[in-house]
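What follows is a pair of complexes built around chain A, which joins chain B in one and chain C in the other.
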Partner chain A sequence: MTVSEPKLPQRRGAFIARSIARMIGALEYTAAAEATASKPGLLQFLDPRVKVAGLLGLLVSSALAHRLSVVLGVFGVALILALLSRISWLVLAKRGWAGALLFSGSIALPAVFLTPGRIIFRLPLFDWPVTEPGMAGAALLIARVETAVTLTLLLILSTPWPRVLKALRALGAPVVLVVILGMTYRYVFLLLGAARDLFEARQSRTVGALNAAEARRFATSCIGVLLGKSLHLSSEAHLAMLSRGFRGEVHSLDEFMMSPRDWIALAAFAGLAIIAIWTGGR
Partner chain B sequence: MTVPVFEVHNVSYRYREAHALDGLSLTIHQGQRVAFMGANGSGKSTLLRLLDALYFAEGGQVKFCGESLTEERLRDDEFAFQFRRRVGFVFQNPDAQLFNPTVFDELAFGPLQMRWPKQLIISRVNETLDRMEIAHLKDRAPHRLSGGEKKRVALASTLILDPEALLLDEPTDALDPKSQSQIIDMLVGWGGGAKTVITATHDLDIVEDIADYGFIFQAGKVFAEGEPANLLRDEALLRRTNLIHAHRSRHESGEMRLHPHLHRGHQY
Partner chain C sequence: MHIPDGYLSPTTCAALYAASGPFWYVSLQRVKKSLSTRLIPLLSLVAAFSFVLMMFNLPLPGGTTGHAVGIGLAAIALGPWAAMLAISVALLIQALFFGDGGVLALGANCFNLAVVGSLVSYGVYRIVSGASAITSPRRVVAAALAGYAAINVAALLAAIELGVQPWLFTDANGAPLYAPYPLRIAVPAMMIGHLTFAGLAESIVTAGVLAWLQQGDPSLLKLTAPRAIESGDEDEIARNKAARADWRATRPLWIGLTALALLTPLGLLATGVAWGEWGPHDFTDPEMRRQITAASGNQAPPPNLPHGLERLSSIWTAPIPDYAPQFLHSAVFGYVMSAMFGVGAILMTFLVAGWLARLRRRKNQRYT
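Take a look at the complex of A and B:
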């Protein structure tokens, strides 16, 4: 899968342009994710309920495991699943690993120096002690976060979002929650498109760069316009729901069918999760 | 003439201080194909919403098959379900109407609210997708559809309940000519001509195709009514109600002349 990164303007004060470029990037990313989800591959062939339950089981088992080797083992399983599902490791790295490393690394960093235990070496210049338990704890935290991110990305990249929602519903998530998530997903794209149109309309009538105060004023007015649009749209959507018989109670249709392949996959996921929990204990 | 489906008597409705409808009366009979024509703000969309019991009249009365459409009446579940099944509404903006994650879910929404059995819903959705020639869009998200596809899905999501009366707000608005003709063909063919179809439009080019009776609105009132061909022939009437306009064009002689103008079909 190739996801084209929008070119972000580098000039100072071009934050609106950068935000819009990121919005467009989000739209393109979703399109690319849907394309990956429609490719033939191991995860793509499975019932979404099996994927949600199975990947969630692996995620929980890696979160419960206290041994780094076990967490790395689950991470390895995730990498194999990515390969078999034709999901590029590069995409996983760009979309998940880098950000997760930065986030979990910044949380884990103090523990490397502050956890008491045998000192492995001292940080040059600062002379801060790096301890063995500190390093082990940081590595475990980072490995868990990276594994969780990878498993979540596998689910998103191998399953169209509407089917993830249906699977959540089939697995017992409250119907109101699922409907709200579905409508949010539906309308966020519309409003992103409206925001992009507003920006492009402004850009087409602007010569030179806006100064910071003008840019802020434009951003504020855009927010106001979008709020107005979203309120109007939500009222219209509600009328459209009423018109088709909505009486305040949400109903949904689950149309999944489990095949023998799905049962085998579910058993495999469950087996791996149990092994990880069993062997990952203290 | 047959039984009245909708009776509107001396109805008024306001948006804050602005009068949208002002003492409007009309009757629509079963099987009639009616066009509401009028410039923007003439009250045609508001009337459609009153006919679908989404808004309620501030003054006067709106009746469906002899039953008054009031907030209190619509609180009765049995009446509300019957009414929603019998009257369908296609909104002007398909993005307001398509609020589900996929086209399949969109079509299943109405039947689910009507508590139809699961198997019936699945088979009816598939049948409707085939009949409307949108089966290839089944698993697509509405934000990935073109304008014409969205309109067809919105229409399908209403027709799946097989309503007796269909209300359409600007069904061909912002569509390319091919999508327009697809929508018109669907409307003309729907129900074998036995259903009541009420279309609000300011696109006069489609009126004779989709209606056998027309009302022209102005300032929240019925300004004129009659057979579409007769209404559309009355240039002075169309000009007074802002349905046609005059603009200049250059002739072969190089001379500029002012003409009343309609953008396809009718020559004045």
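Take a look at the complex of A and C:
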């Protein structure tokens, strides 16, 4: 005879599992991004400064465009760049498109009915009016969000984070910001690991159900411990930095060299962005 | 809450980057001065902490779950300036690396959450916690309110930024180019979720962690509690007791004032216009002239509007005429809002006057 598992404790303990899953998901995403960034491909071969400036230019041009066809054109360019950089569309779909579509779709859908304007047709059964400006606005919004997500993902999936930071520095970001971003990125994973350990330790010691109040107490005590650990770690990191001669001045090595290929790519990005801005505003 | 790219026009994004810029500059200067070489490791770690905090799934009353942003905690542990920078860095990493929030919209997200959120949570925490001891339950309440207020003010700003888009940016056919909903839809849609679940999550996390720190590591709370009473400070405790006694003595007055403000819609039951409170237009309206005559012992008002009344009535136009704010359609709610606004304005006047008097007294004491 088999005894079925009691459902309540599983459901009540699910918040621990969900938190662990989110943390593992973030760690896996980083590992996957680093693996893709080390593959040979068009974007991977380019100077990071060209990638940051070029993809940002396309992002701005798609934001400025008033015509759906132009935004879709920029999206098409992003898809071709992904193909040439051996970045799978499936990865883009999982990492960005699906979430963006779900979020923006749920926001844009009511606008199809609520935006005043010429009625194209009425929804069968409900008789809700679908208006032309509503459809156009919703399509433009979703296309623009998907394009922005794709361009941001292309940068991260084709460039290791330290090189993104160096590119930001080369493009004029304050050196203090770049150093803080670099350290934050490293410590995010250290703290994610620590948080996951805290949750797993509790999960392995939990028998039976955790009611909601206990779960909240556990979550807040975990956050308190992490805050204390963070501040403690910052003191340790500070002492370590001082021991290495840190006096508050920060410097970064900018060893980038532009090759002819980078100049061609930069010109291509600039040309595409200008065309998109020129045609998108008319 | 994290606005993605595509919802705000590039102009709005640029304006909000420009609005955040001075705050980033000032906070960096202030934090550099106070932290010196500790600046980089401390901000990095707190930014990393804020980022990880957003991964925590929190069970909320009612069976749902949510996650906090950590604005309140960062502001309470570090003060508003360092919190502003740390949360901005966390938002930048989220936008760039995890696609949570847009790159172009980063200025807007930083302005809402990092800049305004930090200032609001710090202000609320300091005002509500007052000079209470580090381990006082009053600080837990202050933290809960700080987190709740910060997330809701940030959400309101985000809703306004989204809500003005269809008003400012549409194509020739009237189709919205960016966020599609006007303010009257964007504000309630955003605020319902934040006044309930998101606000609750932020509130629980901020208060819960503060309560935990009071037991586990109270030293972390000292930075933003310079006036906190140390245990054993009998004079301060006595002063606080006296302040509490003052509050107890005036409590019936406050309760009465609140009740009166809520009862103001009773004025709607009265018909006609109050004797002597006539406006210039009442002298030309036949129905009002009849009422004035009846209320004045059958003495008819002058056939023409008195010259002095006409001249003086145009000097000042009330912002909320007849206790009915133009943006509200409910007369009852308009009355209550007007009462609250009026009481608030009077209290504010007395608070400012009291503060100036105290300032003057202290100055005089220094010179004697």
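Quick note on the criterion: the second predicted complex is superposed on the first by the 263 of 282 C-alpha atoms of A that agree within 3 Å, B and C clash if a C-alpha of one lies under 4 Å from a C-alpha of the other, contacts with A are read in each partner's own complex, and residues count from 1 in each chain.
To be clear about the criterion, a contact is a pair of C-beta atoms (placed from the backbone, for glycine too) under 8 Å apart; a residue touches a chain by one contact, two chains touch by 3 or more.
Remember, predicted model here, so these are calculated numbers, not experimental data.
Classify the contacts of A:148 with the two partner chains as first (chain B alone), second (chain C alone), both, or neither.
second
Given the touch rule stated above, what does A:183 touch, chain B (first), chain C (second), both, or neither?
Touch partners of A:183: chain B and chain C.
Going by the contact rule set out at the top, does A:247 touch chain B (first), chain C (second), both, or neither?
After superposition on chain A, A:247 lies in contact with both partners, chain B and chain C.
One more residue to check, A:134. First (chain B), second (chain C), both or neither?
After superposing on A, A:134 lies in contact with chain C but is clear of chain B.
Quick one: is A:26 in contact with chain B, with chain C, with both, or with neither? Answer first, second, both or neither.
Once the two structures are laid over each other on A, A:26 reaches chain C alone.
Figure out whether A:156 sits in contact with chain B (first) or chain C (second), or with both, or with neither.
Touch status of A:156: second partner only.
Examine A:226 and indicate which partner it touches, taking first as chain B and second as chain C; both and neither are also allowed.
A:226 contacts chain C only, not chain B.
Chain B or chain C: which reaches more residues on chain A?
The partner that reaches more residues of chain A in the superposed model: C.
Once the structures are superposed on A, label A:272 by its partner contacts, choosing first (chain B), second (chain C), both or neither.
neither
Identify the partner contact of A:216: answer first if only chain B is touched, second if only chain C is, both if each is, neither if none is.
second
Both chain B and chain C contact which residues of chain A?
Residues 161, 183, 185, 187, 190, 233, 237, 241-242, 246-247, which sit in both footprints.
In the complex of these two chains, what residues of chain B are touching chain A?
Residues 49, 52, 54, 77, 80-81, 84-85, 88-89, 91, 93, 95-102, 105, 108-110, 112-115, 118, 121-122, 139, 141-144, 157-158, 161.
Show me the residue ranges of chain A that touch chain B in the complex, using the header's touch definition.
31, 34, 160-162, 165, 182-183, 185-187, 189-190, 193, 233, 236-237, 239-247, 251-253, 255
Report the residues of chain C in contact with chain A in the complex, numbered from low to high.
4-7, 9-10, 13, 28, 36-49, 51-53, 55-61, 63, 65, 73, 77, 85, 89-90, 92-93, 95-99, 102-104, 166, 170-171, 173-181, 185, 204-205, 208-209, 211-213, 216-217, 220
Within their complex, state which residues of chain A touch chain C.
That would be residues 15, 18-19, 22-23, 26, 29-30, 33, 56, 59-60, 63-64, 66, 95-96, 99-100, 103-104, 107-108, 111, 114-118, 132-134, 136-138, 140-141, 144-145, 147-149, 152-153, 155-156, 161, 164, 176-177, 179-181, 183-185, 187-188, 190-192, 195, 212, 215-217, 219-228, 230-231, 233-235, 237-238, 241-242, 246-248, 250 of chain A.
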